[in-house]
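Note that chain A is present in both complexes that follow, paired respectively with chain B and with chain C.
The block that comes next holds the complex of A and B.
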């Protein structure tokens, strides 16, 4: 029973931080709350036996993505302050859309019998490394090409100094 | 246990939907998309408790794809800022007929 209590505690903070991400009035605060969400997700990964993915999550997301997001905010807002407004509107329609997804999904989840927990051993870096460079090698190589394409695409998009003149 | 993991992931995804449909700042929308991608990863790790290695490799690839998506998304936001001098998406309506 105790793993469920630990999971519940982390999940409670996780969902509260996620609410702050979508409700905060300051964009910088939203990003910082998102970093809390990502770290707590890594904790949940580790609780579920995915220790390697928990590490990857912290390094890639909270190390890389959050920094990138803060760069994006500072490049597209006023540079003299960290008070960047993050307005939102249509709360009723947004909540309706979210509920229209949530209600059927939750009822489907709780109506399904997934069988008893098998309690698989934790998946370590060794398992993942063997799987990536073995049966999933083609997907791995395709992913490296995709990352290169994304990098070149981002440079091409962001370098254009005046897109109106088609330089 | 897996029911609770899936429930938390579904609530996270719903919060992402709420954020995408209410935010006006393009970076704010990108943050909500991140929230949704995170919920999907959580879902996959939850099923990985049963499926084993394959689910974890899938999550690894999904994380890398999300990072690529953020890079291109932020490049688009910077481009939008250069063209319009703001990133509020309801003001960028030039394609409206």
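The block that comes next holds the complex of A and C.
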């Protein structure tokens, strides 16, 4: 029973934080709530026995979220106060989109027979490593090519047209 | 009784937190005395014998000071930010094995960690990664140009130096074949310390230790990498607007971070509680671990009072053009050595 209570607390707090990401008035608060959501997602992974995934989740997303925060501040123009407005518009359309996602997801979950709890062995770093470098090698390499292309694109965009200028 | 992980966590965690907090407080006094000796002046020597009670006096002073929150600050975030740095640093110390036991069959078993996690090193790195949040939030919420600049520098430095740090932390993982710090220490007890094993793999290990040590100095914002709080440019970095004990908590967290960085380096590359000679029991393990940590700790402050700080752009150049390629090369060499059977 107690694992269920723990999961309930984490999941409840996770959902509440996710709502706060959308509902918060201040952009910085929104992004900080997003970081809470991502850390709690890592906790859910750990509760499910995927400890490696949980650790990687925290390591990768902290850098990502903090970068997002910097973009949020740099792209919102000149700010004289700590309040960066983050207004929510189109509540009705948003609710419609959420419902359109919720109904099929819930019906799929209800329709699935998960069967009895088989008590899966925990997935370790070793399992993930052999899976990534074995059967899924092509996808793994394709991903790294994609990231390389994104990085070259970023460098090209950020490059000055005349290297001698401005130094 | 001690088999219960919760009882164990309290039994080990209590002394660990006491040690870290007390060590951090003593370190503030010790550093000022040490710097004084290096610069032929006295340093604090009035409160108690040799000034040893100075941290107590400082703590009382900071608690008595008025707690000021700037009117234009983001009040909630400003007050929340100082809570997290000491918490994250102490949490990351939870997986470091501080001692070891040897059973009747001679099997060496590193122990003394508050929690024996199979993802040990990942836990430390994720806690270190989260550290940029409270510092950036402190810089942002104070609504001061110096703190904001400092916070921005902190983010740039933190997420850049994290890459070579993670890569160098991978090298003991490659050698030991495990993410658990206890397994890494046990491997080093059997095969020799990774940075000092007198085998072909030692050069990779020693270079990795040097890089890891430098990058953890950057993560802990210590000279020559203390650009986020370069006092000659940014007054006191993100801490400018903090008064009294909140400022004290940030300072304490920095000292704690330095102690934990030294302990982690010694566990990953210098065998942690594994002795160079003599017995390998729990007490000897604790003494060796503390000794290695202390040597690295002194080295950090020796560097701090000997070197100048880098300029912000030099810091980024060093990371991306030297440390990242070097650590990638070291990871490749380490993997080749393990594959070739040299390690």
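We take it that the second predicted complex is superposed on the first by the 142 of 167 C-alpha atoms of A that agree within 3 Å, B and C clash if a C-alpha of one lies under 4 Å from a C-alpha of the other, contacts with A are read in each partner's own complex, and residues count from 1 in each chain.
Criterion: a residue touches a chain if its C-beta (ideal position, glycine included) is under 8 Å from a C-beta of that chain, and two chains touch if they have at least 3 such contacts.
Here the structure is a predicted model, which is why all the values come from computation and not from measurement.
Of the two partner chains placed around the shared chain by superposition, chain B is the only one that A:89 touches, whereas chain C remains out of contact. In the overlay built on the shared chain, the residue A:31 is in contact with chain B alone; chain C does not reach it. When the shared chain is aligned, chain B comes close enough to touch A:4, but chain C does not. Contact with chain B, but none with chain C, is seen for A:110 once the two complexes are overlaid on the shared chain.
Residue by residue along chain A, chain B and chain C are tallied for touches, and B comes out ahead.
Look at A:55: by the touch rule set out above, it reaches chain C but stays clear of chain B. Once the two complexes are laid over each other on the shared chain, residue contacts for A:63 go to chain C alone; chain B is not touched.
In the superposed model, A:20 makes contact with neither chain B nor chain C. Overlap of the chain B and chain C contact sets on chain A: residues 52, 56, 69, 73. Within the complex, the chain A residues that touch chain C are 26, 28-29, 32, 35, 39, 42, 51-52, 54-56, 58-59, 62-63, 66-67, 69-70, 73, 81-83, 124-125.
The residues of chain A lying in touch with chain B in their complex are 3-4, 7-8, 11, 14-15, 18-19, 21-22, 27, 30-31, 34, 37-38, 41, 44-45, 48-50, 52-53, 56-57, 60-61, 64-65, 68-69, 71-73, 75-77, 84-91, 93-95, 97-99, 101-102, 105-106, 109-110, 114-115, 117-118, 120, 123, 127-128, 130-132, 136, 139-140, 143, 146-147, 150-151, 153-155, 157-158, 160-164.
Taken in their complex, chain B has these residues touching chain A: 1-8, 10-19, 21-28, 30-32, 34-35, 38, 41-42, 45-46, 48-50, 52-54, 56-57, 59-61, 63-72, 74-83, 87-88.
Interface residues of chain C facing chain A in the complex, by the touch rule stated above, are 72-74, 77, 117-119, 122-123, 125-126, 129-130, 132-133, 136-137, 140-141, 143, 152, 155, 158-159, 162, 166, 179.
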